[in-house]
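As structure tokens, here come the structures.
Shared chain: chain A. Partners: chain B in the first complex, chain C in the second.
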Partner chain A sequence: MTPWLDNLNALATGLFLLTAFGMVAMRQVRGCLNLFILQSVLLAASAVLLGLRYSAGDLYGVAIVGIVSKVILLPWLLRKTAPAEIYTRREVDQVLNIPTALLIALALVILSYFLALPLLNAVAPEFRGPNLPIGIAGLLLGAFTITVRREAVPLLLGLLAMENGAFLAGIALARHLPLLVELAIATDGLIVVFIVGVLTRAIQKQVGTTAVGEMAHLKETPAGGEAPR
Partner chain B sequence: MNLCLLLLLPLAATLLVCLPANKYWAPGVTLVSSLMILVGVMRLAWLMAAGQSVMTGWNTGLLHGLTVDGLSVLILLLIAFIATTAAIFSIGYMEHQILTPWKRRLYYANYNLFVFSMLAIPVLVDPTLVWIAVELTTLCSALLVSFENTHEALEAAWKYVVLSLMGAGIALFGFLVLFAAMQTSGRGGAYTWSGLIAAAPAMPPVLLQAAFLLILIGLGTKVGLVPMHTWLPDAHSQAPSPVCALLSGIETTTILYVILRLFPVLHAAPHGHADIWAMVLGLISVGAAAFLLLQVSDYKRLLAFSTVEHMGIILTAVGLGASVAGYGAMQQVVSHAVTKSFCFFAAGAVLLVTGTRQIAAVRGLIGKSPLAGAALIFGGLAITGAPPLAVFLSEFTILKAGLTARHYLATGLLALFIVIAFFGIMLHFNRMVFGAGSDQASPEGAAFPARRGNLPRLPWSCRLALFVAAAPVLVLGVYIPPPLQNLLTQAAAALKG
Partner chain C sequence: MLRMILYNVLQVLVVLGFSPLAAGVLNRLKEMVQSKHGPSIFQPYRDLWKFFHKDEIVSEESSWIFRFTPYLVFVTPLFVTLLIPVLTTYPLFFAFMGDMIAGGFVLALGGFFAALAAVDTANPYGPVGASRTRMVGFLAEPVFMIVFFTVSFVAGSTIPYIVQEKWITPPANFFMPSHVLLMLAFLMLILAEGGRIPVDNPSGHFELAMIDESKSLEYSGPGLALMKWGGYMKLFVLMCIFLNVLVAPWGLASAPSSGAVLLAIPLVLLKIFGFLLVLIVIESSLAKLRLFRIAEFLGAAFITAVAAMMMQVFLVGR
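Entry: the complex of A and B
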């Protein structure tokens, strides 16, 4: 029965990687959100599969907490706090064009395999699997998403995708993380959404845009000069 | 005082300030709760310094309890002191912002939550829970940074949140790798700071190193280490001044404490190379900040860069070797926290008097407001390490330890950068306070909400806060009371492991 579970887990983590790519490239804000939800579902699926494979009950908790917080509560909270029309927005000019961004993303994935190698060699064989390298890739791609996107919501989703990546690697390495910690981290994710949503709303009201990547007032000005207004 | 009570006080204050009442209610509640925390922590520190066993909070299997040692009590003491002085300063300062009752409640509720999240870091012993507390410090202070609601403040808050949370994501991975390293070591203790030290010799070195570097980079972002510092001058200059005192004076130090907790773990491992990383990253931060200081045009940014510099000094000191420079590093933690918070109060006073943040727009301050001018020049001298003030003594201790440990190059560079920073800061402050020139109308005036600028007299609470905050800066330069000395020794010992 175990090869089946391993294969299914490989499938789930592979799809996880694809969603991370999608978030780099997807222009529609709503599409980005849907990809993030899919990614969270895949993370939960991987947790359940690993839980079955190694009969680690704590991982079911990870899956349930993940589904409730990221698939149900998070989109609801985002809709409550962030301005509504943000979903209909479409980013036309990204910092990099999409093919270049995807190529760099590909290079990051290869890099993460090399980064994961020494770690994989250090742990017991049962911890080896696709989760660790793909988790690191998810972390790096999330960070990359933040650098190339300018809209507030994709930036926020990039932050949360970094956390998803850390967790995908974490469930393979640290199977017996206490449930309390899981719950606290999930709550923390929701507070992140709330605070960023409130900030986005304030920025939209005050500055008139949600393309937060374009704000650049705070710089060093030559001594004696006025700050650009 | 029970440690749970310590955490419950700011939470209770958060709820209380939300009650609708007159305008003295929220500042009053905040001040009373900060004072109670300060008294409790001072008693805790007193017991600790006397070598008595300190009671812990409630101990359930889930949380591994709440425990303190010398290092965490030292940090608690600083948090409590600065939270109190900043609460006093807030009374007068915040009334000169446009404060609707709703805004006032928002400010004080966030203030107390922020203090809560900082107090949680030293008393928690489970690293993953500490990570959550670190996240909470970012989230609770984000709305304080954006409080003035200008374009600049919002941009600063956005940068602060995004970069800090990116760092936190990397640090989370680091803590999970650390957990894995602990489980692989086969010494199944609890996942706590002391459990980690016990398990360290059997951990796979690769995992331990990887975890250390991930956490150093991740949390180093929030400490403001170069090259992850880019958000810090923005956030620490745009927030209201009492919040800047908290952010710069103590929040950075509290996060640095989490990194410092890893040093004994790496020292216990056979191949831990923590010191060299700390020294290199620390020196880069000090050096870069010293040169970046020279070209700023906003005096609050100047102080923010000085925070980057001081975080670098502390990290370098730890890197020189916890056994030789640990005491100096702890002394620097204390002197930086008390001095930097004083500097931001002084900057806040200048802002109230002149209504501008531009260095070039402030000239001849001493004639206009002797108290603000004197405070600014005193703060400048204190933070750059002029004798006989607190920072001078601690920097001297560190440099002496560096020479004793025969780290001539690192010590020489450190001394050079400190001197450059001295000239950078004093050049600007000297011109602002004594310089001749027209005190032109502030070019930035519009950025200020009404009722600010050109205050004839500083509010009494601001004066009081300045005097209270100045006391330790003066005293600790010439005399360190024996209990504090004990505490510093214990903290340095905790750093050694």
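Entry: the complex of A and C
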């Protein structure tokens, strides 16, 4: 039974890594959201498998809270608050082109291995799984997603993906993580989604776009010139 | 010894005989998904028969490469068939000659000459298509390499008969992350190398858009038949490598009796039919990518292959 659980958990983390890559590269906002949902499902699966493997009941709670908040409530909330227009649009302008972004993301994953290596050597063998390095990789890739994206909702999803990565590492290291922590973070995440959703709607109403990456510079309209984009 | 040679020849005959059938089934299923009736599944055999009985026209401006290429395109998949497990889990007589990397290079040789021949006649569309095949080819090459490196890293060997055992001993190994991610990466490679839909449209005959089709554009008669048959066999061989070596050796004969080997033929065909169904789903649900998006598609395959390798590195620390 143990090798099955170990391999399935490793598989869940492997696919988790792939979804993190996908969120860097995916052009459509809706695809990005679907990838995030899939990533949250994989996080919950990893929690359940680790719970079965080490008979840690708290991890089931983590999985349930994760599913309810990130798979059910979050997309619903986002759909309610953010403008519907963003789901149909394609985001063509990223800061880097996609192959370059993917190669940099790859370098980040290799970096995360070297970050995780001393940590893995420091802990007892039962904590040495793929969760820690991939959790760190998920964290870095989430941050990278925020860097290269210019659309409001993928930026938010990058932030939440960072949180997913941190949790993936956390469930392997702290199996009896109090459920309260997870609940607090889940609520926090939902409130962030709510605020960003409302904010996006407001931005779209004000300037007619949700490509917030282009609003990095505050410019006044020069007299007689064109309005800044 | 004689028995092993016999099985090896049988393996070649299976690939030779059933590869047009696989292509026919694929075409028919695809048309059925599009709610058309579609041609008979035996249509590729009829096409080949017809082409073999037609006259061949060869341009006066072409060189020996043009005449030599159809034979090479026809022979290279058969040569690879000698090396890989198509029906058996134990190595046959000629299997000592090369491993998976050798097989990949032999297949690449056919592709190289096909591209040369397409340029050779100076038909304006040939070089366009040939340069596109090369573009897909050189983007696919690093993925091939990483897949083989990962396989040798995980299984400790690039000999297909050792690799295929690794994935199912113990059975839990089937769900190793590196295994599943490798399967994904190789599936994307098959789509690219076989000229299937997200990369190339196999049923499109529009010269400006064709990639894979362009290499047989100038051929007629028996030459065209050999090119087509070689193409069918290449897809069949790639599917065999994928299903028997990289997925699992299920359904293959493990006993050296002729009954077991003969039983393996329908089982392998069943596996290939299952794979064709997956291919149909992919081909029917995706649109062909624009030419410059192919780099992104193969970039995704590359990332998947490297992720498979990284997963193995992460697990070694355990």
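By our rule, the second predicted complex is superposed on the first by the 216 of 229 C-alpha atoms of A that agree within 3 Å, B and C clash if a C-alpha of one lies under 4 Å from a C-alpha of the other, contacts with A are read in each partner's own complex, and residues count from 1 in each chain.
Here is the rule we go by: a contact is a pair of C-beta atoms (placed from the backbone, for glycine too) under 8 Å apart; a residue touches a chain by one contact, two chains touch by 3 or more.
This structure is a prediction, so every number in the text was calculated from the model and none was measured.
When the two complexes are superposed, the chain touching more residues of chain A, out of chain B and chain C, is B.
By the touch criterion defined above, A:R150 reaches neither chain B nor chain C. Once the two complexes are laid over each other on the shared chain, residue contacts for A:R30 go to neither chain B nor chain C. With both structures placed on the common chain, the touch criterion links A:R128 to chain C but leaves chain B unconnected. Looking at the shared chain after the overlay, A:I110 reaches chain C, while chain B stays out of its contact range.
Residue contacts after overlaying the shared chain place A:R201 against neither chain B nor chain C.
Shared interface residues of chain A, touching chain B in one complex and chain C in the other, are 121. For chain B in complex with chain A, the residues that touch the partner chain are 62-63, 126, 128-129, 132, 135-136, 139, 142-143, 146, 149-152, 154-159, 161-162, 165-166, 169-170, 172-173, 176-177, 179-180, 183-184, 204-207, 210, 233-234, 238, 292, 295-298, 301, 358-360, 443-444, 446. Chain C makes touch with chain A in their complex at residues 170, 172-173, 175-178, 180-181, 184, 295-296, 299-300, 302-304, 306-308, 310-311, 313-315, 317-318. Against chain B, in their complex, chain A makes its touches with residues 118-119, 121-124, 127, 135-136, 139, 142-143, 146, 155, 159, 162-163, 165-167, 169-170, 173-174, 176-178, 180-181, 184-185, 188, 191-192, 195-196, 198-199, 202-203, 206-207, 212, 215-218, 220-227, 229. Here chain A touches chain C in the complex through residues 3-4, 6-8, 10-11, 13-15, 17-18, 21, 25, 98-99, 102-103, 105-106, 109-110, 113, 116-117, 120-121, 125, 128-130, 133-134, going by the rule given at the top.
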